[in-house]
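Submitted below is the structure of interest, expressed as structure tokens.
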């Protein structure tokens, strides 16, 4: 009763069947599989390879199966191996003989990779939507926190004062490049393998351009062996997911830090926090910890696929069945990460008062001071450095130093130095393109508001 | 209604709940969780922290929950987060007040890692059983194919003749080292975290040695922060799985090659082969392709966990929730790989006739010839090399050359050279410990038969 | 004497200096670093931040340093930490005061990432050239082997006959998508971080568009924090390298198999083979084994960078220093892999005679036979399957069966069946777009000859 | 002039030679290679396979070569491929004919893996020494900071008060398990492959037990094919390195956090800090950032080796040449990480005053309060939670609440509650084995002082 039974006298053992089955996960492709079969049947009829009446019964049958699947009425059978055979066999159960003609001029090798490319296309669209939502949430968060200066860090040491808006937009930029990667990936994978059959094509007079077009592909793939062999589009997709995951892990790390007692910059609402079963005072930013943590599985999924494909000769090898679960898991995870980060961004506030109080620490204005001195930079760096050292010994701020103290450090200081020290002064001075200067940031913010189509009235 | 509700006024959003839930996978720990709770309750009673009657109601309740879970009657609730809270809350539903005392002097932080160590311990025992079964299957295969000489390969080029038994035992050796790694891993993880509570221990007079012993651990872990923070035992376990998976991927590759038309050395039974939906003549060694392929996910799972743990500060971070799925997936996969490889080994035969016919090709006896020449090895290598070159030009075997032809290549050859050429002669000559000489192999085979307790009568 | 000495009283320990140094590898960026400094100095002068005469002394000094580096006369000093400080300090040694002004309005944070983007741009161009060379070599190999039919494999089992040309072109297709990925990566990274300074930009009136244009970038990056923080362009580059490496590992695997005694399809010239120090008859396809093996380090390098970036908060963290060695190693490796594969392709021949002799085995024409039968595919698959089973029992080919034998299997067979069996007939029948039919392949070959600008006269 | 020249007529191309060479990195094995050759020659003479006088000339020659290598006088030649051939050929240049007999009954296949196992053995001893040094440094740091209470974190949120000593010892525990893994790895790899020759052993009457013993191995490996094929010992070693690296990355993360302005708990000396080329006030904990960052390459190296070995058939494949660089890099990196972490630990101080000031925040005593209440834990958790909520609303500490306020929250509170609130009280209450209670920690500290042989006088 197996589909390849002709020369087989014995069934596979239970353990082998259990180990080999894919129906438990590849049923996720049902929609794409039916879509592909409908396009194929339509083409077969158009080319006279099946009759119009057979086609109609096939199309109706497939529609009915789809309906049953979506209504939860369809019984998936492990002994029918995979999604392709489950649907085809169910069709045969329903309409008999015509169903047996559906597999004319195709093989599961080209069928599964057609399904997979269609699935990826949809998944990318979905991810792109989620990416944009997160960008919008971040821009809205920026709009809500105008003028808030926060410490900018390098080496997790306080470096220079920056506008929170500027920091938030840095993540928006990264997500925009992520979107570019997904779009490129989609363009590159949007070609049709259907009709490559097992690996060599077919001798039957099919029209691959017709099915390609019907399924919304750009064109049929040019080489049938390549069509069934390669999974580079999955590798590229999982790479894009991984890079996005790394971006989100970094945002996660930052917000977890900021939510700590020590930073105290960020307060999550209860709706995105959890508590402890033992410590009653705890309020944990779990969602962002999990975002950070789940980046690991996205990377793991990519590695799985790289290891999988390594060293396989052309064309289809059964190993490739293992491409699906990492793909599905990676996409599900990245969507969850985007969604939850978006909700987190929508449900936090920044503790303006505490941030303001904390700002003086760390001598964030030292670089501005160095810029102020009209001497060669290596010299001014040294003077500013000694000024900071003096502050440290006195436990005070640069702005607390008197002019005479400053002039004892170096005679280059003049009265106007006080326009350059202090965090507010410091931020005001920034003016280079892309810098944290208020005007620059404001322009960038408007750029994103407009690009993302955000209605600033409603936020 | 959340377990940490005291200071919380709002529930988490649906997306966060969906993203954070672990019940869908951590319910796999139910047995260990109940076991741990029973040991904990017993100790609490012993130390006077709860009454005997509370203890009894708790123990009975837990037994009942276990029964219900195993009968499929237990309803897992996502709003109850994880396996720990599901079981505790169900217990409270059943027995009321006493259940609320069960969480005395413990936290989910020590509870989950206790469950996990218990689970790993069982999983390792299970894997060790599967490893041994595969060793037995390989030794049995060797016993069934006594005397069969096959080409030994380096660079996938024919190198020297070896006994098939010798080749099969090389995999048995590798699996034995794998077993050693699992045993070491188990010894190292078999320490009890229970009582470490959230991270600092407790002020209540618990007895950690008592619970440790009751649960079959060697001793309690010495440091409570370490106890709840570290997942090195999972990393070590997944590393051991990965190394075994790599071993199996290599056996998979070898057997896939050997089952090809070109090699034609190995014939799988129908019960471990599959066919093609389009090519009626195909008979594919799918199980071993999948073994090779599934090695990838075992590696991916390890990478996931390494990425997960990287850069997390002490002690528990929510990221660590993500340790479970890779662990479960890795163990399930490696067990499937071992099981299916065992079945494959039990259901193949070697094509003696074809192998014998193929043996002469490749001049497998050239090294033996080089050894025969009583001259410095670098010189004999050169003479044997020129002999092979002469054979190639004449399209013949070394054993086909006449003594005068050989002596024209180098006068060192004498009549007894014919005892050293030809594959059978060649194998006979090997005598070093661990070599492919018949006697050496026979001794090794008996070593394994005895070590693995194989009854040679029945095979 | 350290560049950040102002507030420091003690030097770092030797072990820390050794551990932290990057000059041993980042000196590879010297060309880009000097290029960037020249553009920066030119802009500073243009904007009046340094004098024309300072600029000229800086430019001349930098040119001289470049010349000395390329002549091997430059002494790299570990105590000067990295390529940036080595060059700047050497400049100061040469021209004094003006050199100290070069670091005005920049930081090593934006400097290093500018260098790195410039380096990646060049590396990608280089890889694209190598990719094309390999495509040309493969197409030339196809041109040289017109008409050669080889077995096409799935599951490493013989599946259908294909033209060798068709198989070779499948790799050309994959390399073409690889090229697309590199091109996209280059477009996405070709933006200028210079002027982002430490992370916040600067208060000095620099012109970032001027430096961006001078360095051939599309535009300056829009956000200074993003500019110094992100390494997604390295991740994307290493992903592209990894996918290409996987493609090459598959070609490597295939050619290693084909060079085995058992396949015997491919004969490498001595110039791309190696022998054995002990087995005189060996001739190993080492270069392709190493291509397959070296794919591993390309994947390892990608993983290194993913792990590196995971969980780092914005903006620059010292961890990011570790981005360079994996990048350099990955690029060097992939270029070597492409180069050696190209040479291998140029130095192999296919054993036409042996391939022809081997072709009948495996019933490669069974699918064509199934297509021939004008009955529903599932039925024809079954008939063809039984025909093969009959052949197996008689140890003969499908074309050896008499019409009466065939008709006993199923009455649907007619005299014209003999036009559909046999490997040559089978290949002739393929006609679908992208199939292995001679005409289709010939068209595709011409497409590539023209696209790659190959002169078919000379090959 | 190549060692396998007999049947070869052409040299390999330059690109192939460059791509294939290993001498640039495998020369690191020179000591092990010479050691192995000396043991081999001694055995050959003992067994009568070479003369005593040949042996003596070989041993003297090898000693001389070793001396020349270590004096930097030895010229490594790329055209001699690898370390084995460089040394053997140099020996032939020196002593002529006897040198040609050295390769009797061995092959580079068993030679290289013997060298590698010897190298790993030494490397592990070295790493074990470094691990212990770091443990000592951490224990000394604990000894120096007696009584210092710090916040213990979960989710990076303040959880409970712990002794700094307790926290430091948690890392000591982790390093101890790391040491166990290395020791196990060494025991498992300490078997001798020498005499396995190419893959099949030899027909010459060698004594593998003699060479095994001379080289300090436990015994010869039992199976010659396994001996030359497997690299599981490298995989296990790199896994152990990776787990240690993850541990250090976590310590790195923690100390980087603690050195931030926001935490301000840890002050590194100048000797383990670096500054900024642009921001004069910066003092960065670079060494620990690099420790965190370099963990990535250790993981990357492991992945490289896993990918490398995946799917290779037995026995030696040229791919395996790629095992060395990841191994060397991983070991060098982990040693550097351990060394630098040790130096960092020796050069930091904890800011007792600031920590003390910061302690009240975060309600670290809430769990102790919950333990105090003699009611079922779920109830006490709720009461303590409401007490914290009340504190939050009043912006005060638990110890600031009056008894009547407490009793309004719940009547269960009594006067003695004040012995349970406040951080000092809280720490005093801990008493379970392995907890942070002063006595428990003190005992653990003494355990480690004694186990590590630390002289507490001198610290």
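Things to note:
Which chain is which? They are A, B, C and D, in the order written, and residues in each are numbered from 1.
In this text, a residue touches a chain if its C-beta (ideal position, glycine included) is under 8 Å from a C-beta of that chain, and two chains touch if they have at least 3 such contacts.
From a predicted model like this one, the values you see are computed outputs, not experimental measurements.
By number of C-beta pairs in contact, B-D leads when B-C and B-D are compared. Counted by residue number, the contact pairs of A-C are over half the same as those of B-D, the matching pair from B-D, A-D or A-B.
One finds 33 Å separating the Cα centroids of chain B and chain C. With centres defined as mean CA coordinates, chain D is found 24 Å away from chain B. In chain D, the residues that touch at least two other chains are 3-7, 103, 109, 153-156, 159-160, 197-198, 257, 275-284, 286, 289, 292, 295-296, 299, 302-303, 306-307, 310-312, 317-318, 367, 381-382, 384-386, 388.
Touching chain D in their complex are the following residues of chain C: 2-13, 15-16, 18-20, 84-85, 103, 106-109, 197-198, 269-284, 286-287, 289-290, 292-297, 299-308, 317-322, 325-326, 336-337, 339-340, 343, 347. The touching residues of chain C, counted against chain B in their complex, run 151, 153-160, 256-257, 259-263, 275-286, 289, 303, 306-307, 310-312, 358, 361-364, 366-367, 369-370, 381-382, 384-388. Against chain D, the residues of chain B that register as touching in their complex are 3-7, 92, 97-105, 109, 152-156, 159-162, 166-167, 169-171, 173-174, 177-178, 180-181, 184, 188, 195-206, 208-209, 220-230, 232, 235-236, 239, 242-243, 246-247, 249-250, 252-254, 257, 292, 295-296, 299, 302-303, 306-307, 309-318, 367-368, 371, 376-379, 381-386, 388-389, 392, 429-437, 440, 444, 447.
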